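In the two complexes that follow, chain A is the common piece, with chain B as its partner first and chain C second.
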Partner chain A sequence: MSQQKIRASELVVSLILFEVGSTTLFLQGGGVKQNAWIAVLGAGAAGALVLLLHLAIHRRDPRLDLFLLFHRYMGPWVGTVFNLGFIAYFAYEMSRNLRDMGELTMLTLLPGTRIWITALITLLVVANTVRHDWRVSFLTGMALFPIMVASYLILILIIFLSGLIHYEFLLPVLENGVNMDMAKEVMKLVSFPFGETVVFLVFYPLIQQRRSVVRNIMISYFGIVLFLAFINQLSVMVLGPVLAANTTLPLLETVQLVQFPGVFERMDALFTLILFMGLGFKMVYFYSGAVIGLERVTGIGYRKWIIPLGALIFWAAFWSPNYTHHIWLGREIVLFTIWPVFQIVLPALLFTVMLLRRNKIKPH
Partner chain B sequence: MKRITLLLLVMAVMVLSAGCGSRRELNELGLVIATGVDGSKGNYRITSQMIIPSALYSGSGGASGTGSQTGVFVFTSEGHTVKEALDRSVLKNSRRLYFSHNNIFVIGKETADDGIYELIDSFLRNLEARETVKVLVAESSAKEILEMLMPPEKLPGKALDDLLNKEEKVESVYKAVTVHEIAYMLSSEANAVSIPEIRMEGSEEEDLKTSEAFKRTAPRANLILSGLSLFRGEKRVGSLNEQQSLGVSWLMNQVKHQTLSFDGSREEMSSFVIDSAKVKVTPVKGEEGYILKVRAKANGGLRESNSMDDITDPKGIKLMETEIEREITQIIQEGWAGLQQQKVDVLGLADKIYRRNPKEWRSIQPQWNEQFAKMKLDIQVKVSIKRTGLFGESFRKLQNKLHGEE
Partner chain C sequence: MLNKWLKQVLTPRTQAAGQKAGTPSQSLPVNKNLLVSMELLRSKLGRSPDFVMRGFTSSKGDSPYPVLAVCYVDGLVDHMQLTELIEAAARTAENSLQNGREPSGGEPDEGELDEGKPDGGESVAEQLARSLPSADLQKKATLDDVIASVLSGSVVFLADNTSYALSVSIPGGLRRSVEEPTSQSVIRGPKEGFTEELSTNMALIRRKLKTPDLRMEVRQIGTYTQTRVAVAYIQGIAQDSVVEEVRRRIDSINTDSILESNYIEEMIQDAPLSPFPTIMNTERPDAVAASLLDGQVAVLIDGTPFALLMPVTFFKFFQSSEDYYQRYDLATFLRVLRIMTFLVALLLPSLYIAITTFQQEILPMTMLITLAAQREGTPLPALLEAFIMELTFEVIREAGVRMPRIIGPAISIVGALVIGQAAVQAGLVSGTMVIVVSFTAIANFVIPSIDMAAAVRLMRFTLMILAGTLGLFGILAGMIPIIVHLVSLRSFGVDYYAPYAPFHKSNMKDMMIRVPIWAMKTRPDQIAGKNRTRQAPYQYPPVEETLLGSSSQGGQEEPS
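Up next is the complex of A and B:
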C-alpha cells in the first residue's frame, strides 16, 4: 500500500459529503412529527460524543488505522475477529447504499430499467474510484463538493422562493414532551448518519498535518448537524408533518411541488444529482474501508480484493426481497442492533483496552 | 497518440451509451392535459383529455382555421381502481399517455360523494401523476365537463388551468387547490377541505362537444366556476354558492384583488376595487366556547360611483369606507354561516387551536364539530380607499347639482 498522504481539508470535505450523503433521502425523526429538528439536533449532540470517542482513539495512536489498532491492542486473534466484523459491517453498509441507489433510480429516473443494471453500473463506477487509491477518492470529493453545495443552495433557494414553506407547521413544539418516541428517533439518528463516521478511523492516519484537525472536524461536524436539521425540517414545513413522515422520498416530493410556471418546473433532476453524489461518496468510503481492512487482515493488496468483495456486495444488495423489507431492515432493525456495536461498543472497548494497556503497549 | 485514442474512445462511449432505450417519439405520445374521475369504489371511470398536436398547428392559427377538427380527443376507460381504469385506456387508445402536462383533475359528483382517499393515494404513490395538479369538483360528471370545449381556446384543459390562475388573481372568489393541498388539509387536525366546483351553464350542451362550438359567436352553453364543494374526511358533505364562497375566500385570506359593489347611504351602488387585502383569523377562547376573531384590512380604489356624498372631501371618503367595511363584514358573515351550517372546518381552525394549545385541542376534539357550529364571530374590518380614480364627485351627483334631477 502506497503511503500517499491526504490533506486535512480533503478529509474534512469528505466527511461532510459522507455525512450528508444519503441522509437527506429519508425523513429523519419522522416519528416525532414536527419536532424532527429537535431529534436531529439531540442526536447530533450525542453523535458528537461518538465522534469524539473515535477521535480520541485516533489521537492515542495517530499512526495506526482502525484495523491495525485492533490488531495491536487486542492481539492477533481477537483483533482479526473484530477486524473481519468491521469489514463485513462496511461491506454491508456499502451494499445497502447500492440497493438505495438502484431503488432510487427506479423510482425516479428510469422506471423501465432493471435494477441490477443500474446497481451494476454504479458498482463499477464506485469500484473504479476505489481502485485508484484513496487519494483519488478524496480529490474527487474536493472536485464535486462545490457542485454539491451549489445544488443544495439552489434547491433551498427555490423552495424558499416558491412560498411553499409553512412556518406554522413547526408548532406545537414538543406537545408530548421528551418521550420514548423521541428517544427512539435520537437513537436511530445516532446510528444513521452520525455514528457512521467510524469508517473514517481507517482514513485519519492518512492526514498529512495533524495540527488542529480535531478542531476542524468538530466544527464541520456541527455544521453538518445544523444543515441536516434544517434541510430535514424543510420537508416537514412544506409537506406537513403527517405527509412528510409517510412519504418515501420526502425531499423529492418537496422539490416536485416547486412550480414557477414557464420558468422552471420539475426540478427533480437536481434532487437526483445530489442523491447520486451523496450515495456515491458513501459507497466509495465504505468500499475503501472494507478493502483496506482485507489487505490488513490478509496481507494481500487491496486492489485484488475489489472484485471479489464487489461481487459479494452486489449479492448482498439484493438480499431483501422487496423495498419494504430493505427499508424495514435498514431503518428499524440494524440501527438498534448491529450499527451501535460497530460504531460505539467496539470503539469504546478498543479505547478502554488502549488505556488499560498504555504501559505495556506504546503508541506506534 | 494513445491519449487521443483513449479520449476518442471515451467520447464515443459517452455518446453511444447515453442511449435511447426508453425513448418516446412525440408522435407516439398522447399528451394528456386534463383528467377526470367518475364512479365509486370498485368501479371507476377515468376520462382523459388528450392533445391532438396536428389539429393545433395546421391552418392559419385562428380558432376556426382547422375546420372540422377539435384540438383535443377525449376518451373514458373503466376499472376497479383509479390506476386500473387509467391504464386500461390502452385497450382503446393507440398512444402512450403522458401525464407531465396534466394540469386539471376533475372529480365527478358521484366520486366526490363516495370518497376521494383512493384518488389521493393514487396521486401520491405514482411518480408521473403530479401533486401540483389543480382539482375541480364537477356538479355533474367529470366526463361531461371534460368533453366540453371552451371556445375560443382550442385546449379546454389548458383553458381551465388559465381560468383558475387568472380568476385567483383578478377576482379571488375561488382559489385553485392542488392534490397536495387536499392531502395536507385532510390529514391535518381539521380533516376538511374545500374544492372549487365547476358546472355547465346553458341549455345546449351538445353544442360544446363538437367543433360546432367554434362556429357560433355565442355558444348556447359554457363552463363556469360555480361554488365550493366542502369535504369532511373523504366525502363531500355539502357545497357553498358563489356568495358564500366569496366569504370563505376572505376568511382564508385568499383575496388578492377583487371588485366589490356596495350600497351607499341612499342605496346607490358604487364599486370598490381591492388591490390588497389581509385577513387574520384566530380562534380565541371565550367564556362559553370559542370565538372566531376576524381582523381584515383592505386597500383599494373607487372605480365606479353613484354616490351622492361628497367624495372629494375626506369626510365623504370616511363614510364610504364604513359602507365598504359593512359590505365586507356581511360577505364574511355569509361565508361563515355557510360553513357553520355544514359544520366543515375548511379554515383549519382546529389546527390553529392545536398549534397554540395541543392539550386543550385533544380535550375538545371529540365535540369539535358542535363547537365549530356554535362559534361566535368577532369581526373588525378596516378599509382604506387610497384613491378615487380619474374623476371627482360622481357624475350622478354632478348632474343633480347642475340640473337638479332626482
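Up next is the complex of A and C:
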C-alpha cells in the first residue's frame, strides 16, 4: 500500500464531515425532550475524553495505525483477534449506514424504487471512492466541505428568516434535574456519534506534519459539538419536543416547513442530498478502515478486499427485517453493548498495555 | 560502371529498409566523389521532381565534371536567400583552381580527411564556407543528415573531394503569416496568434520574454514526419522535476508521425482515459508567456498553431488570458460565471429530467402547473425527449462545423425553425425542453477551453440517463464519482483539483477570484519552482501628496 501522506487540515475537515455525517438525520437526546442540547453538550464533553484517549494512543506511537498497534503491543494472536473484531465493527457500522441511506432514499426521494437498488448504487459509489488511494477520500472531503458548510449555513439562515423558531420550546430547562434518562441519552450520544472517531486511529499516522495536530483536532471537535447541539435543537425549536422526538427524520421535517411561496416550496428534496453526502463520508471512512484492517491482518492488498467485503456489508445491511427493527437495534441495543467495547474499552486496554510494556516495546 | 557500383551499395540497404519499416537505416557517409554523392542523393529521394540539384563546374580547368553541387527542395526554402547563396557558390566554383576529376579516377584515400588541396591552398569546401553569406552554417557528415536538412528547408552544398556537406538553413516558401487567433479571441489584448511554423512561434514567445533564462529545447519526433518539437520553460521558475518529467515523456514517444499537438498530448498526459484534459492547449503567445511565468512548461510543435501547457489544474480551464487584460472585478465575475455555466452545461438537462419526473414537489405550484400543461400533450417521457433534443443539437452543431460556409443559413433555418419551433408547435416536444437544451448549449460555449467543453458534453448524457432512472439520487450518484475522479487526477505531479483540494491559500488570489495585478505577489504554489516571488509587495498605486494638494488648490483657485 502506498504511503500517501495527507495534511493535518485535510484530516480535520474529514473528521468534521464524519462527525456531522448521519448525526443530523436523527434527533439526538430525544429522551430528555427540550433538554436535548444539554445532553449533546454533556456527551460532547465525555466524548472529548474518549477522543483524547485515542489521541494519547496515537501520540505514544505516532507511526503505527490501530491494527499495527494491537499487533505490536498485544502480540500476534491476541492482536489479530482484536483486529478482526475491529474490522467487523467497522464493516457493521458501514452496513448500518448503508441501510440508513437506502431507507432515507425510499422515504424521501424515490418511494417507488426497491431499497436494494439504491443501496447497491450507494455501495458502488462508496467503493469507488475507497478504491482510489485513501488520500483521494480525504481530498474529496476537502472538495465537498464548502458545499456542506454553505448548505448548512443557508439552511440555518432560512429557518431563522422564515420565523418558525419557537424559543418557548426550550423551556422549562431541566425540569426533572439530571436523572437516569439524561445519563442514558448521554451514553447513547457518546457511542454515536462522538465515540465513532475511533476509526480515525487508522488514519492519524498518515498525517504529514504532526505539529499542533492534537490541538487542531480538539478545537474542531468542540466546534462540531456546538454545531450538533445547535442543529439538533433547531428541530426541537421548530417542531416542539414531542413531535421532534416522534418523527423519523426530524431535520427533514423541519426543512419541509420552510416555505417561500413562489420560490421554494419544498426544499427537503435538495437537503436530502446534503444528508446523503454526510452519510457517504461516514461510509467511506468506515469502509476504508475495514479494508485497511484486512490488509494489515492478511497481507493481501486492500483493493482486493473491497468487493468481498462490500458483498458482506451489503448482506449485513439487510439483517433487520424492517426499518423499525433496524433503528431499534442501532439506537437501543448496540449503543450500550457493542459500541463502547470498541470505542472505549479496547482502546483503554491498548493504552494500558502500551504504558505497562513501555520499557519492553519501544515506539516504532 | 558507376551505376553498377551504386547498385551494389544500394541493394542491401533497400532490403534492410524493407525489413524494418519505420526505423532509420544505417547511414552512409558523404562520399568524396561528388558525382557519387549526387547520384546517391537523387536515388534516395526517389528522383522526386521537387528535389533540385545542380552542379557547378570550374572555369579554370577543362573538366566537364562539377566541383561543387547545390541541392534543396523547391518550396521549402526562401528564394531570395537561395539566390544569394547560389551566386556565392557559383563564384566559388568559378574561381576554384581545382579540376573536376574523373569519377572513376583515383581511389579516395580513407585515412586523410582534408584531402583535395592539389595546390596546397584551401579546398573548394573551405572557400565556399568562407564565402557563403550565412551565419547558420552546418557541416553534415552523412547522407542521411544531408537529406534530413534538405527536407527541413535547408540548402546543402556538396564539394568534390570533401567528406562533408555544408548546410544552410533558409526555411521559406509559402506559410501562413501571424494572424489573430480564431479559437481564443479577445477584445482587449494582443491579437497575434501562433502559426504553423515552429521558428515563428518560438520567436513570438521570445519577443514577450526577453530573458536568457527562457529555455527552448528542440527535438525531432516521428520517423517519417521528423516533426520538430520544442520544450519551453523558464529556468528557475519552472520546477526542475516537472521539466525533467516532460522531457522524459516526450523522449519516450516512438512513433512514425506527429501531425498535431494532440498526437503529443495523448502520448504524454497523465490520465489518458479520463474525459478531463490534463494538458491545456492554446493558440495565444501571451497565454504561453503568462503560463511560463507561472512555472508551467510549454511544448510547441512544428506544423500546428496550438501549443501545449503543463502541468495544469482543473480551474485553469476556466480562465482566459483576457482576465488579466480587463478590470479585476469584472474578471472575477466572469470566472464565477464560467464555473456556473460549467455546472449548468453539465447538470441542467439532468436536473430538469429529475425534477419533472421524480421530484416535482421542489417546484412552486404555479411553475409546476405551467410545466405540466406544456408536457400534457408530449408523447415521450422527459428523459427520451431530452435525449432526442440534445442529440439533435449535437447533430446540428457537427453539421455546422463541417458544412461549407455558403449553406450555413440553411442549417440555421432548419435547426431553429423546423426542429425548434415546428417540433413545439406539433406538440412533439415541450417548449421548456427547447429552452433547457438551448441554454445548455449556449452555456457549453462559455467554457473557454474546448477540451473541457467536450468533457462536459460527454458526461452530460451519462448524467441524463442517471437522472431519468433515479432522479436527484441518480445525479448525486453520478456527480460524486466525477468529483472523486477529479480529485484523484494529477497533471505532472500537480493535484488537478488544487488549490481547493488540497487547499493552497496563496493560490486563491488567482483562481475563482482574480485579485488586482498589484496584489499578485507570488507565483502559484505547487506549479512554480524555487523562484516564488513575482513582484514587490505593497504596490498599491502610489499617488503623490503634492498632486493631491495641487489639484485641490487648482480647483479652488480657478473660480475665484
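We take it that the second predicted complex is superposed on the first by the 364 of 364 C-alpha atoms of A that agree within 3 Å, B and C clash if a C-alpha of one lies under 4 Å from a C-alpha of the other, contacts with A are read in each partner's own complex, and residues count from 1 in each chain.
Here, contacts are C-beta pairs under 8 Å (C-beta built on N, C-alpha and C of every residue); 3 or more make two chains touch, one makes a residue touch a chain.
As the structure is a computational prediction, the values presented were derived from the model and not from experiment.
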Report clash or fit for the pair chain B and chain C bound to chain A in the combined superposed model.
clash
Tell me the contact category for A:L257 with respect to chain B and chain C: first, second, both or neither.
first
Is A:L171 touching anything from chain B or chain C once the two structures are fitted on A? First, second, both or neither.
first
After the superposition on A, what does A:I361 contact: first (chain B), second (chain C), both or neither?
neither
If we overlay the two complexes on their shared chain A, which of chain B and chain C does A:T247 touch? Say first, second, both or neither.
first
Is A:I154 touching anything from chain B or chain C once the two structures are fitted on A? First, second, both or neither.
neither
So, A:V125: does it touch chain B (first), chain C (second), both, or neither?
second
Taking the superposition as given, does A:L110 touch the first partner, chain B, the second, chain C, both, or neither?
both
Which touches a greater number of chain A residues, chain B or chain C?
C
If you stack the two complexes on chain A, which partner ends up touching A:V81: first (chain B), second (chain C), both, or neither?
neither
Indicate the residue numbers of chain A shared between its chain B interface and its chain C interface, in ascending order.
110, 113, 261, 265-266
What residues of chain A sit close enough to touch chain C in their complex?
7, 9-10, 105, 109-110, 113, 118, 121-122, 125, 128-129, 132-133, 136-137, 139-144, 146, 261-267, 269-270, 272-273, 276-277, 280
List the residues on chain C that touch chain A in their complex, please.
358-359, 361-366, 470-474, 476-477, 480-481, 483-484, 486-488, 495, 497, 500-503
If we count contacts the way the header does, which residues on chain A are in touch with chain B in the complex?
107-108, 110-113, 168, 171-172, 175, 239-240, 242-243, 247, 253, 256-257, 259, 261, 265-266
Residue set of chain B touching chain A in the complex reads 21-22, 100, 124, 127, 130-132, 165, 178, 180, 183-184, 187-188, 351, 354-359
